[in-house]
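Each of the next two complexes has chain A plus one more chain, namely chain B in the first and chain C in the second.
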Partner chain A sequence: MADFIANTKRVLLRFKTAVKTFFWNVRRVVNNFKKRIGKFLDKHNLNVASKFPGWAKALLYLSPALIVLSIFTFWPIINSFALVVYENYNMSNNTITGYTVFGNFLTVITDESFIIPAAHTGSSAVINTLIIVFISVPISVLLALFIAVALNSIKPLKSFFQTIYFLPYVTNTIAIGLVFAYMFRSDGGLVNQLLGMVGIQAQGLSWVESGAVYWRSMFVLIFYSIWSSLAFKIMVFLTSIQGIDKQYYQAAAIDATPRGRIFTNITVPLISPMIFYILVTSVIGAFKIYNAIVALFGVSGAPPGVDYNLQSIVMYIYQFIDGSNAGNLSVAAAASLILFAIILVLTLVQMQVSKKRVHY
Partner chain B sequence: MELRLENLTKIFTNKTGAETTAVDKLDITIESGTLVGLLGPSGCGKSTTLFMIAGLVKPTGGKIFFGDDDVTKLAPEKRGIGLVFQNYALYPHMTVFKNIIFPLENLDVPRDEAIERVKEMANLVGIGELLDRKPSQLSGGQQQRVAIARALVKKPRVLLLDEPLSNLDARLRLQMREEIKRIQREIGITTIFVTHDQEEAMSISDKMVVLDFGKEQQYDAPQVMYNNPTNLFVAKFLGNPPINTFEAEVKKGYLILNDQKFAKVDITDGLYDIGMRPENFRVKEDGFKAKINEIFHIGRDTMIHFELNGKNIRALVDSDSIDDSNESVSLTIKNERIYIFDKETGQVVNHG
Partner chain C sequence: MMDKQLFVKSNKIERLTFLFDILAIVSYITLFLFLFNKLELPEIINGRMDLDNLQFMLPSYDVLWMTWDKFQMNSIIAMIILFALVAVPMFAINYKKLKTRTIYEVDSYVAASKFTQAIINFFSFNPVSAGLRIYNMFVLVEFVKGYKPKEFFKSIIPAIKSKFKDLTTKKQAEDTSHLDEYSLSIKKSIRRQNVTYVVRLLFTYLFLVLMALLIVIPFYWMILTSLKDFTGATTTNPEFFISFSRMNWVNYKVVLTELNFGLYIRNTVIIALFSTAGTIITTIFAAYAFARIEFKGRELLFSILIMTMMIPGELYIITNFITVSKNGFGWVGMPTGENQYFLAMIIPFVTSISYIFFLRQNFKQIPESLYKAARVDGCSDFKYLMRVMVPIASPTIFTITILNIFSSWNAYIWPRIITGVGGQEGKNYWLISNALRDTAFVQDNGRVMYNLQIAASALVTVPLLIVFFTFRKYIMNGIGRSGTKG
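And now, the complex of A and B:
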């Protein structure tokens, strides 16, 4: 048996050597070939590469991405600026009745479910989105920071815990949403059972089904969006924490620095560029929230039979594309430009604030 | 405060279970207020020793005493040490002032006194004007001073410096050496610093420890160690250009070089390792004849290469005493400047 293992090892080793030698020789042949081609091209003054300036080459290599981006990103952006000045644009026969500068914006702003809560719903897309952004983003960033620090300081089972916290990232959003909806079921849902266990009478308490009050469904939605966005943030924070020079911590240890001060005075400032990056991207991401709501409440954006609506700005925009008001693309363009403006202003504010707080 | 290491040992075990003895039964007593250099080639355990004194590395065996206190099991923050890291570890997001005051914020010090102490310390190390700069706006030497100020501001019992000058350029290194010595004198703090540069260690330490493979080779004042090395390793490690070493025989009380009686020595016959420092040769009429193989002029000195017992030997002599046309030269070396080492143990046999 031992003989067999030894022989197998030897054969495998020989095989490995043969493979490596083969690729080595292939590379030699290829290199030779390239050299010969180059010589030939130089001799006949045919070398195209040397005749093009650097930017032309760069453009050539960038072109695949640029073409795709222009078709699916740049053109729609430009087009939305065009769409927004059309009056009564009809998508099916591509006609308009005239031009307007602010008409479509006014339509959006005065629309009942965009900013102003509609009489029969009691909530609006902008209010919903702002609530989600300003509650879920700070909580998830802080939580991710604490979890990352905790994960960094544990020794045993480190990779196990890292995997667990990273799982939401590789799981399908809709699937998680369905599981959440199931967990928050009024009848026999996990959450209600747990509440019952700690002595809160929660039998039949409705979270995402008919009869759920606004803040209960909003709580589930925020809880869900925090949890599903946590994984990526933890990963980013963890890697940047691991990149901090150990000597800072040793120096702090010698100076008898308490844990809290190490966290606020060393860890946080040293990874502040990453925190800022995460903050900006999560604010943008939260403003664009869509599939979380769909996963929990369906395309209507509300539990059945309630008088409010949980739809976000993006859901509001989508309804003009394929929802109840399909075809009114000018209004959709106006709404998306408003969303763009809100995000832009908030990002600029964040950048201003960060100038003092972020240490590069 | 006196610092004492008793049988200090550190053994690292890697994943496969192989053991490396980084520090081997170190027994050193460092007198109060002295500046002691831990010197040795890289990987000899000098930084490990320093970090064990700091408490950042836990010793495998042995004890560390600060005065009469056994601090072996004490956490770093309770030992009362100041540590200057090799790359200073200044917090990049804090100003110089905040960096220096940082250790005091964790202590029970009134704010006014803390600010006073920071200013006093900054003036002592000569960075009083730079307090509101960030570390990235400072030169290497200034960063070094900030690091020293930060280590000293909480009035530690011991100051530890880990390769303090290795990140500085040659000229600045010379200047900072003197600075460190001056600051240490002014405060009178027991200081230990680690270096692999023998010249640096010799120029600033009151005493130095030479380590090799975690073992103490010699613990003495620099000049004593230079003139009386206890073994071949110390002799080879100190001095630039390095000591000449070669094999030679001792017969009937005489050292035989180039098949001639070279010097009378008082040791048993046998084969020995001989060490002669290049700068100990003198050009003198009544010396031995040496055929010059090569000659180099290096400023105030001239280096000549010649052969002894088939080995190339370097001698550093006064430039005035020799010129390029000379084909041979007559050299002498004092008897007490010939170091004879046992071939087996490497211990010196004709000194001490």
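And now, the complex of A and C:
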């Protein structure tokens, strides 16, 4: 038996060596061949690869990305400036009736549901979006900052909490939005149930269904947008707080500095670039809110049977692509250029402010 | 008394145990699939499933040699899922530990944990692993303490007695009579400091727990509701817990078959895989060009790319819709049968500027001298990229892969616009987000099947959570770093 095993082992080993040698030989032959071709090319001045100029090589590497980008990123930017000067652009047969300079912008600006609040609803896309931005961004940034500082100050269970706080980041916005809408149901929803437990008689109180008041639906929307955007901010703040030099805290500890002062005078100034970055990105993100509204209220952007609308600017744009006013893409392009202008101005203002405030 | 032979023996046993662990996990999964396949669906009336009858059916199942009713079936499936939920992470953690464990890290706690795991194994119908783990525990005890099994049993009772004694004997009150007033005051202030420290820690944890509850409750409510029946999901007084026997696993089956979510998940997986593969390839090449190859106008081109990141995506979507429809490439909006929905949903997303930026930052950190050394040795650019850059930056590339898959899983507006122009044909190309929003969960009699709707949401969310928990470290580190570098 032992003899048999030893024999088998020997045979296997020999087989292995044979395979290995074979591949080494193949490799050697290929390399020799390559070398010969290289010599030949050098001799006859044909070696293009070694004389490749930098830009040609770069173009070779960049071309896959650049081709896609130029079709689906650069061309749309150019084309949208063309689209806004078309009058009555018809997408299905690609015809226009004439040209106009500001006509499409005027259509958007004077539209009842864009800037000017409609008489019967009292809200418009811009007002809705501004409310969402100016309420949800400060709350979520502050909350994320507090949670990050609290997380940084504990040791046991830290990674457990970190994992839990990260969960909203890895979910499908629509799926969890449906769950939120279900939780805020007027009749038998979890939230009303919990409110009833605390002692507030809330059974039948409508949040996202027919009969909901503007501010109640808005509350649910803002709550959901804060809930889903918290994870990223906490992660970024926590990483930057962990990057602060421990010496500052040790110095503060020697001076017996109160916790509040450590927070306002050490932590916040030292991560201020990060706070600024998060502020800019989350303001931009909040301006582009769309999926959350669709998840909670459907494509109409409002609870069924109410006279107001929770449409955001992006939602207003999309209704020209496949909503109620489908087909009028010039107006959509004008509205999205207005959105771009708003975001650009806000970013520039924030940059100006940050020059004075942010410590680098 | 460290006997290396025993350590090696313990590792061997552990490896053998893994074999049976895997066997158990595989059998859980097959059993689950087998039983899930057996679950009875309502009859089809007029081409639609009679979902109103779903909660009133009382089918009986003949499995192997037994007959189970609906409730027993539900409990058994729940048990199997519970076992799998315990066994898989346990196996993963043990496997990781075995790979990294050295002889110096083995102590009595390792032996104790083997014992707990053996009990868990025993109760999840895996007696072989349980036995092997108990045996492993004895080997480890001998390795750590030098006790043979007999001596070990003898030593248990005295050990417990001495522990008990430690607990019952009171601490002697500290004698403070010899201290002067100053030392006493310092002692007092230290105690006060300790008290404030504990109180602050308590409040911190309280705050964190409250916030964590706020995060977790929607997930819990989602899983809970997805398993309730229609009455349970729409009652005025919803339950906060349900027993195993009343978990309606058939909800998931209805969602997968009658509501077509199997097809939508398949579509989404196809889109995610292809667009991610494309993104990785184009991104690596472009990032390499921006990080290493010197050419005129590199910074200019790069800053143009960065600037386009500020432009809202809606602007692109308007023109891209024209580009892919019949006046452009003709991928959508054509007569039925000539449409290329997958192309229209994949090609615009095979590259990403933000990932190029992220990866370029990573490539730039790799020292230039490495590149020069490789060049001196006659390494071509392509070879250098593949052999040096990609392996070094592989964590980042992996993060990008996962993030891109997540974003494909989340895609809503572009697929909606694309499939929206196709009428009935377009519906077969819905991705999960579209299906979740636009599937009619309403019955003909006006009932909204909330339990099925939430089950569909759970079906969409659970794969993401599984991926997240598997690659937790990569994802979380990647997000933190990508934020830090802006």
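Methods note: the second predicted complex is superposed on the first by the 303 of 360 C-alpha atoms of A that agree within 3 Å, B and C clash if a C-alpha of one lies under 4 Å from a C-alpha of the other, contacts with A are read in each partner's own complex, and residues count from 1 in each chain.
In this text, a contact is a pair of C-beta atoms (placed from the backbone, for glycine too) under 8 Å apart; a residue touches a chain by one contact, two chains touch by 3 or more.
This one's a predicted model, so the numbers in the text were calculated from it and none came from an experiment.
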item: Simultaneous placement of chain C and chain B on chain A, clash or fit; value: fit
item: Which superposed partner A:255 touches (first chain B, second chain C, both, neither); value: first
item: Touched partner set for A:285, first chain B, second chain C, both or neither; value: neither
item: Partner chain(s) touched by A:245 [first = chain B, second = chain C, both, neither]; value: first
item: Partner chain(s) touched by A:170 [first = chain B, second = chain C, both, neither]; value: second
item: First, second, both or neither for A:211, with chain B first and chain C second; value: neither
item: First, second, both or neither for A:138, with chain B first and chain C second; value: neither
item: Partner chain in contact with A:340 - chain B first, chain C second, else both or neither; value: second
item: Chain A: partner with more touched residues, chain B or chain C; value: C
item: Which superposed partner A:71 touches (first chain B, second chain C, both, neither); value: second
item: First (chain B), second (chain C), both or neither touched by A:272; value: first
item: Minimum C-alpha spacing, chains overlaid - chain B and chain C, in Å; value: 6
item: Touch list for chain B against partner chain A, complex; value: 54-56, 75-78, 81-83, 85, 87, 89, 91-94, 102-103, 105-107, 150, 154
item: Residues of chain A touching chain B in the complex; value: 245, 247-248, 250-251, 253-258, 261, 265-266, 269-270, 272, 359
item: Contact set on chain C toward chain A in their complex; value: 200-201, 204-205, 207-208, 211-212, 214-219, 221-222, 225, 234-238, 281-283, 285-286, 288-290, 293-298, 305, 308, 310-323, 325, 327, 347-348, 350-351, 353, 356, 380-381, 406, 409-410, 412-413, 416-417, 420-421, 432-433, 436-437, 450, 453-454, 456-458, 460-461, 464-465, 467-468, 472, 475-476, 479-481, 483-484, 486
item: Contact footprint of chain C on chain A as seen in their complex; value: 49, 53-55, 57-58, 61-62, 64-66, 68-69, 71-77, 79-80, 83, 91, 94, 143, 146-147, 150-151, 153-154, 157, 161-176, 178-180, 182-183, 187-188, 190, 193, 203, 227, 230, 232, 235-236, 238-240, 243, 259, 274, 277-278, 284, 287-288, 290-291, 294-295, 298-299, 314, 317-318, 321-322, 329, 332-333, 336-337, 339-340, 343-344, 347
